[in-house]
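Chain IDs A, B and C follow the sequence of writing; residue 1 opens each chain.
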Amino acid sequence: MNDDIGVPLLELCGVRASYGRIEALHGVDLVLPAGSVLALLGPNGAGKSTTLKVLGGLVPATRGCVHLAGRHINGTAPHELARAGVAMIPEGRGVFPRLTVHENLRMASHTGMDTATIEERAYERFPRLGERRRQLAGTMSGGEQQMLALARGLASDPAVLVLDELSMGLAPLIVAELYELVAQVAATGVSILVVEQFARTVLGVADLAAIMVGGRITAEGRPSEIEAELASAYLGDTT
Amino acid sequence: MSLLEVSDVTVRFGGNLALDAVSLQVSAGSVTGLIGPNGAGKTTMFNVITGLQPVDAGRVALDGTDITGVRPFRRARAGIARTFQRLESFGSMTVRENILVAAEVRRDRDGAAPRMATDALLDRLSLGDVADERTEELPTGRARLVEIARALATRPKLLLLDEPASGLSETEGDGLAVLLTELAQGGLGILLVEHDVPLVMRVCAQIFVLDFGAVLASGSAREIQADRNVQEAYLGTTEVVA
Amino acid sequence: MSFSEILQFTILGLATAGVYAVAASGLVVTYQTSGIFNFAHGAVGMIVAYVYWELRVRQHLPAPLAIFLALFVVAPLLGALIERLLMRHLSGSSVITRIVVTIGLLVGLLGVARVVWSGDITPPPNLPRFFGDNVVRFGGVNLPWHQIVVLICAVLVAVGLRLILKSTRLGVAMRAVVDDRELTGLNGCNPARTSMSAWMLGSFLAGLAGILIAPTLPGNLDQATLTLLVINAFAAAMVGRLRSLPMTFVGAIILGLASSYMDLGAAQMSSSPGWYDDVRGSLPVILLFVVLLVIPQERIKVSAATEKLGRIPRPSFRKGIIAGVSLVIGVAVVGQLLQGADLRALGVVVALAIVMLSYVPLTGYAGQISLAQLTFAGLGAYVAVVVVGPEGSLLGLIVAFVAAGVIGALVALPALRLHGLYLALGTMAFALVVENVIFAGDQNFSSGTRAFGRPSFLAGQHAYLIFMTVVFVVLGLGVLALRRGSYGRRLQALKDSPAASATIGMNQTYVKLAVFGFSAGIAGIGGYLLGCWKGQVGQSDFSLINGALPGLAVLLLAVVGGIAVIAGAFVGAVFLVAMPRLGEIFPSINNLMLIAPGLVGVTLARNPDGAVMQAVDRVRERFGDKDDDTVDGSVAADRDDPPVGPEDFVVGGRTASTAELAALDAGLGVTREDCGVPA
């Protein structure tokens, strides 16, 4: 795990975003230093997913700036962002259920890498996927599907990996296992921005954390500094 | 005898168990809470109770009468009303028409004057100022109140509310809490799904916690807050080898 | 029946099946990748077949070159254009808009073909068979080489599609778009370009089917027949539930063999009974209808509407009556000024306006799509004239209303479980069966010589014109009363949210049956009036795609006028009748007028509320007038879309709260319980 906080790889300043007439982000400032893992936490509906969607190009920022390694990326189409090095795994399952494992990985080749290399790396990192190369992704277990999503995301050597609710609908044991994998990935130097419902789980692998409430960042810091505020943010007063 | 009695209901989607032998009860004259993380099966349970989702096993009874397999509109006429998490208001109609159409369907069965009932509900839920606006154009919070008014216009025995507080301001949220309490005092049975846990703790006499389609815990607000399993379901475990 | 005959008809059947399979797989590929069911698929095939004929026969190019140009240049280009100019703009639009835009394309392409090729060629030209009439002897029977070519092509398409979809990067991307369009973009693949490729492929397959089948048809390059061949493709594709290509091929084989064996049966009988020929002629439609009714339909869906809801005006009775009286006076005055063909055309406008009015409650208010309204009009006319006789009587109007209404409700009964596209296809199948069996079954009706009389006091042209206009106004006020009343609210509720209407206790079965019956009844009156106006009508007046006033164009222009607007019905009828009439009067714009209905149809992608609403908006913008009674937020919304403020975003005097955003987030990333579907 990195203790040194590097130069900003991804930077959001004053980002606002709306769905129709209703604004969901009211000026989000967030910095992801290169080589670090940042956990974005907060209660349901705080705007975490929207923030990630802005990064993935799925929702445009109406104000503010989004920079990737110093370049303006707001307004760029999702497929161009993916080629520019933002690998996003959306909420739910980040795989094509009616495509095989092999075909899912082949889709990643649209970012520029050739399929053979992608597969080689994916199976090296996640040997279980190699055993299921011809299987339809939708017939695998939830945990395996997320593994495949991670493999797909990592295939293109992304600058940043953006994970939205990796744990959605998975049993706690599987979630723990997945985050072990995330920690391994982080150890290889990939920068990661992660949104997660299970806050305590993700704080175990994060270098930095931010709490988001009501479309704004309300707290930032090291995981140890953030953890105390969590229970009340989620469950109300638990005394 | 409970107003609503759900016994051992199981629903499968493909291989997934969305609900796994879930039982719960709602009493007349009180608010019952149904909470749990995203994807726990809360909305599926609502669809089961209102008949939009057939069950693979188990039964649903209202007032002691088995209604499993009864068509949705007949259940509504038997006294079950609901709101929807993802809004299902009649978007191209005005707020007044949304309530009126429900009151008129009700009139088919008794003589109550629908227009008067509609005006009373507009007043009660403070929707008078937007009564003639197209519902689609309302902010989410107000649109949720329209759905509650529409549900009440059917004069139900059992009211199912799916995240009614999401989108409400703090004052509106307080107003909702008062409304729910009053409605319950008037004899209505209410089943409340809500992410605003403090609100649930405030108004519910009995709370059921769903996780992975099964009842994880049930009891009073205090019992639920103290439950370690519940905390884990919401926050995750700390035992991660990093 | 000898073995060799069975063998021969089996092979012929398989060849026919091959063509259907080729066409149907093109339909499935485009539907799956773009969500748009292309009613113009057959029309695309027709155009490509004509291009091939032009190059091969007229320009005397060698066959391989002509094939290459037609199938590998023109067809994909046409597909790419259709995607880029029309279909790309349809994301987020309602099912009815999607359907009507492709119907507009169908009508437009037919117009193009008439302009480019029909002017100087009647009867339709002949596309030669491959290898002429040469045959090969096989198992004791003679098989035309052409059919062998067809079989080989079908096999190549099956193998080729499988290879493309399974083994090429583009094919995998197409399947990926089907699975999850958004995720495709996140993988670095441009979904819009993938969809365009799918349309190019679909267009190629339509063209190939057109070239293969035209030489084997009785009418050869008859434009309407080729366009309607799409019904066979619909039926085959529906067996695969618009999803599975292998099942689509199975459907095509069932259809091809069944019709071939029925041909064999007919050849065995010295004279086959009438019903046998009816069934034989309508086999694809019957299969389509049966499959639609058999395939499992989804239950009432709980899903937030993502499509934009249309506007439904709600004028006051005062305004309705003023407008009605003005219309009667206007028609009377204009009628005095016109004579001959122009006067006849004006009467047709009024009668058709009544048929189009039937769309207002059914589709405009209740959101039920029917392609059979002109068919109900024909049925009303037919039953009424049979019952009251050719002398004519006002009783005929009542008979037409009741007969069409009862039939409408009966059609609605099996159609109750169909929604959206499936309902449109089901009513289309019904329309075609009625056309082929009932309308064609009566000798006078099929030849268009069934005589319709008028009561003596309405014998004069002008008197009858005014009478029809009064009927339109009365029915229009009836629809307005419906709109303003309790039942109208129920229709609208049903359209906006089926799930919520069930949970407030509405009996949807009853509401749907009633609206189908009522609107079919209105159409029936329109049909009977049309008959009495023209004196003689028949099959070609009530046909879905052939004939002077095709039923598809009736839906198209009803939507153009404004499907939920009473005045829109009249405006639509004016368009429908005036366009060809203008072309007759001014031959220089005749060509334009043939394409015009299609052109206005395809513009709907941008203006789904119709011409009348658009005009009203313009007037209001200019004069600031606002009809108090009209529920219309979107005009206001366009104007005062709130600017994003420097500080908090304020909605209704308050800040969007955390919980509100939860709903928003949920709206984008569907959680597994939202739809009752596992993730």
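The criterion applied here is as follows: a contact is a pair of C-beta atoms (placed from the backbone, for glycine too) under 8 Å apart; a residue touches a chain by one contact, two chains touch by 3 or more.
Given the structure is predicted, the values throughout are model-derived calculations rather than measurements.
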Contact graph of the chains (line, ring, star, complete, other): complete
Distance-to-centre winner among chains (Cα means, whole assembly as reference): C
Pair of chains joined by more contacts [C-beta pairs], B-C or A-B: B-C
Separation of mean Cα positions, chain C and chain A [Å, integer]: 45
Distance from chain B to chain A - Cα centre to Cα centre, in angstrom: 33
Chain centre separation (chain B, chain C; CA means) in Å: 41
Multi-partner residues of chain C (at least 2 other chains): 637, 651, 655-657, 659-660, 662-664, 666-667, 671-672, 679
Chain B residues counted as touching two or more neighbouring chains: 38-39, 139-140, 166, 195
Overlap residues in chain A, where contacts from two or more other chains coincide: 21-22, 43-45, 165, 168-169
Residues of chain B touching chain A in the complex: 37-39, 139-140, 166, 195, 197-198, 201, 212, 225, 230-232, 234-242
Parts of chain C lying in touch with chain A, wherever the complex brings them together: 169, 172-173, 175-176, 178-180, 182-191, 637, 641-642, 644, 648-649, 651, 655-672, 679
Contact footprint of chain C on chain B as seen in their complex: 13-14, 16, 18, 38-44, 47, 50-54, 71-73, 75-77, 80-82, 84-94, 97, 100-102, 104-106, 114, 133-134, 136-142, 147, 150-151, 153-154, 163, 165-170, 195-196
Partner chain B, residues of chain A touching it in the complex: 1, 21-22, 43-45, 165, 167-169, 171-172, 175-176, 179-180, 183, 196-202, 204-205, 230-231, 234-238
Chain B partner contacts - residues on chain C that touch it in the complex: 299-300, 302-305, 309-312, 486, 489-490, 492-493, 495-497, 499-508, 631-634, 637, 651-652, 654-657, 659-660, 662-664, 666-667, 671-674, 676-679
